[in-house]
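See the structures that follow.
Below are two complexes that have chain A in common, paired first with chain B and then with chain C.
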Partner chain A sequence: MASIEIISPLPGIFYRRPSPESDAFANEGDQVDNNSVIGLIEVMKQFSDLTADTKGKLIRFCVEDSEPVEPGQVIALIDVEE
Partner chain B sequence: MSIKVIKPGLATSVQDKGREGYYHLGIPPSGAMDQYAMTLANLLLKNDENAAVLECALLGPELLFQQDAMVAICGARMVPKIDGQIMPLDTVLDIKAGQTLRFNYPTSGARAYLAVAGGIDVPMALGSRSTYTLGSLGGHEGRRLIAGDELPIGQPNAHCQVGQSLPEEFITNIGKETILRIIPGMYIHRLTDDAVERFYEDSWTVGSEADRIGYRFKDGRPMDFIPRKPPFGAGSDPSNIVDACYPIGSIQIPAGKEPIVLHRDAVSGGGYATIGTVISTDMDLIGQMQPNYKAQFKPISMAEALTARKLKQEKLQRVRERLKHS
Partner chain C sequence: MSFTKHKLLVANRGEIAVRIIRAAQQLGIPTVAVCSEADKLSLPAMLADEVVNIGPARADQSYLKGELILKAAKETGATAIHPGYGFLSESADFAEAVVEAGLIFVGPSAETIRKMGDKACARTTAQAAGVPVVPGSEGEINSLEEAINTAKDVGYPLLIKASAGGGGRGIRIAYDDSELAKEFVIAQSEAKAAFGSGAVYLERFITQARHIEVQILGDGEQAIHLYERECSLQRRRQKVFEEAPSPVLSPSTREKLCLNAAALAQQLHYKGAGTLEFLYDDSSQEFFFIEMNTRIQVEHPVTEAITGVDLVQWMIKIALGEPLSLQQKDIRIQGSAIEMRINAENPAKGFFPSPGLLESVSWPIGEGVRIDTHLFDNYIIPPFYDSLLAKLIIHGNNRQQAFERAIMALDETQIKGVITTLPLHKALLKEPDIQAGLFHTGTLEMWLSENHEKLIDEEKTHAVTTH
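Take a look at the complex of A and B:
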């Protein structure tokens, strides 16, 4: 197993759910693939999807919901089969 | 022949030095938020200094060049890649027809300026090619770029040289903490002395909504306005006044909570007391602030502001001389 870092390309606020009442896009332990949305980054009055861009198991979020993030910051770790 | 937009990036728009002379009619200057970086990119290519460029905010675009071109990228540290190969910033780059230009995420700064030899040749609107998105004016169809757009390029200057780069000393070092110099006024007398002190003492964090219209700052202590009975025509909030003009760079503090600095796409007036104005020289610095960067506001005199502006102009003059003779 190798672990891949999902990084944020944007500064802003990281959200794990599409709206405060909704379920999280993804949880630790979930299987994800290239197109899986794992969160949103809010910046300049726009919300951009953050996708896993890789197939594997989401093992950990490194940022809390609604926390500020900077470009290049690791958001989550994904375990992939080698 | 042109540049085709494959992915637009977060907020990419055509900008030049801006559209002066219409603010009294409600049309703001627009133009590059970091005028210095935009000018450097044009100077490298031996373009007219007012040639239109692409302002690439936070997340750069992906562009397919449908003709050979020379480009230069200055401002935010967003490393360019041509067909996947990493290329230098602040340097004249050669792009062949069929090649794709992409950008890495910004390691510092918020806006990269992509100039193309010959300039982005969109039509002039009221004397400028700058995009004013709120008014759907200028630039490419009066809006930010979207996928599929094709941008025409003007005729390059014959003296433009691939590989020419900017001497290190002229590159602005963009930090995560900035001091913004301001001239206090017109309505700073409406704040209590305590509030004024806090405003200068506190470290202010750029909010995530900061854009070309204005920058909102958070995480400072709230500020009190001197109590008064609102005059006729003013709103009931203590931060309200009877409507007045808003200079570019002016600072308002709605409800005494989060200061907003207006930038180049701002509205021209309204009913908030403006407690000071960021000096024109430091407006470039705001254009390079990412959300979560920090600023402190420092009051200076008009004489000091004019000196700062003169120093900046002299620096630009030295760039012109250096690039002319190389």
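Take a look at the complex of A and C:
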């Protein structure tokens, strides 16, 4: 097993759910693939999907829901089969 | 009047905070800026006499927290609070809390904000004042059955609008009964989720309408209008380019529209600056009231340019007790003005945001040029707020001269480090239909989908000349 870091490409606010009342896009332990949305990044009132871009098991979020992020910051870790 | 015993707290950020601080300074009133963690190194914080850091970067933990703003006012001994636009500017609860804390709210009463902020109620109020409204439901619609019955009178296509919505949010379109059946339920649940209230109403959808709005100013006794602004060039219902006066109104329609707006303001005993928004149908020359904004608007400078009236200074003076000395006959249209919103967005890439380090900025100079901005060299544009960086306001003796000056002004403007909407405005000013004033609220989006290549080219040219 190897770990892949999911990096924020943008500065902004990271959200784990589509709206405060909704369920999280993904949880620690979930299986994800290339197209799985794991969160949103809000930049200047515009929202962009953050996708896993890899197939594996999401093992950990490194940023809390609704926290500011910098470009290059690690948002989550995914374990992939080698 | 002397305002020496007063101190004004500006509950906003960005260019409008700068605008308000400068207006207060010109009146000899000391100012307090509030800023979030992300705005500590910002122009308002540098210009104000005092600065209070009110909280983290996120707006809902800082600029939207009324209690933090009131605490800052108490700490600094501020006597009045100007809310600017956005954030808490149209929160009746905040206006009420300010007054309950023994302070002056620069704007209308909480009661007026509440009344005109509720779209269905605003409509009824306008009708009572004899102002034409878009054909629609009388008040809120609570069931699908009621909606389908009402739709017979309103006519299709129609809009389902959230009573508590605004800025283009909470609106759905239906072209027939079956679409209404589907969209009505969605509109109700969306309204509930977004605004906490599921109340909706129906309104005829006038295709190919212009957005024309009338500026009003009142002191609680007397209300006047300061003519209209044409704001039809919009993207996703956000204004991009505004002008005053509208290039299409005949003098008699203009008088009728503006006097109607002033009558409504008078009926409300309106106190402060406000805007009545209308849809205007070119073909029938009819106008219909749609909503009122009980605050200063982003595009207020075009009105200031053509009337010579400082709206922000008047808002402050009226709030502090000075009667409005301007009379309707004093207000005359002098020439023509346009405003171009410079946003940190890339028009060639779907208006993707471009925050970050602004290396340098150089503004145009010359006759009729006004820049409202909070930018300075090496400013780091935070990603947490809206993307408005600056407004270029260009005034000319007539519309053609305003356009000519605007083309020169855009060529002289250099913003390095971030991508902006400057190239969009350059392209728009060269468009024959825009030069001729031939557009409606759907024009810009159509233009954008047809001129994608042009914007990519403009971006490249721009990159060569300014980076």
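Just so it is clear, the second predicted complex is superposed on the first by the 82 of 82 C-alpha atoms of A that agree within 3 Å, B and C clash if a C-alpha of one lies under 4 Å from a C-alpha of the other, contacts with A are read in each partner's own complex, and residues count from 1 in each chain.
Keep in mind that, in the parts below, a residue touches a chain if its C-beta (ideal position, glycine included) is under 8 Å from a C-beta of that chain, and two chains touch if they have at least 3 such contacts.
This structure is a prediction, so every number in the text was calculated from the model and none was measured.
J.: Look at A:Lys45 in the shared chain and tell me whether it touches chain B only, chain C only, both, or neither; answer first, second, both or neither.
T.: Both partners.
J.: Touching A:Leu10 in the superposition: chain B (first), chain C (second), both, neither?
T.: So A:Leu10 meets both chain B and chain C here.
J.: Considering only touches as defined above, state whether A:Glu21 meets chain B (first), chain C (second), both or neither.
T.: In the superposition, A:Glu21 touches chain C alone.
J.: Looking at chain A, which partner touches more of its residues: chain C or chain B?
T.: If we count touched residues of chain A for both partners, the winner is B.
J.: Tell me the contact category for A:Gly56 with respect to chain B and chain C: first, second, both or neither.
T.: Once the two structures are laid over each other on A, A:Gly56 reaches no partner at all.
J.: Counting only touches as set out at the top, which of chain B and chain C does A:Gly72 meet: first, second, both, neither?
T.: A:Gly72 contacts chain B only, not chain C.
J.: Please identify the positions on chain A that touch both chain B and chain C, taking each partner from its own complex.
T.: The answer is residues 10-13, 43-46, 68 of chain A.
J.: Note which residues of chain A are touching chain B in the complex, please.
T.: 7-13, 42-46, 48, 68-72
J.: Which of the residues in chain C end up touching chain A in this complex?
T.: For this pair, the touching residues of chain C are 38, 56-58, 193, 344-345, 351-353, 355-356, 383-387.
J.: For chain B, which residues are in contact with chain A within the complex?
T.: Chain B reaches chain A through residues 10-11, 57-59, 105-107, 110, 208-211, 290-292.
J.: Contact residues on chain A for chain C in the complex?
T.: Its residues touching chain C are 10-13, 19, 21, 43-46, 66, 68.
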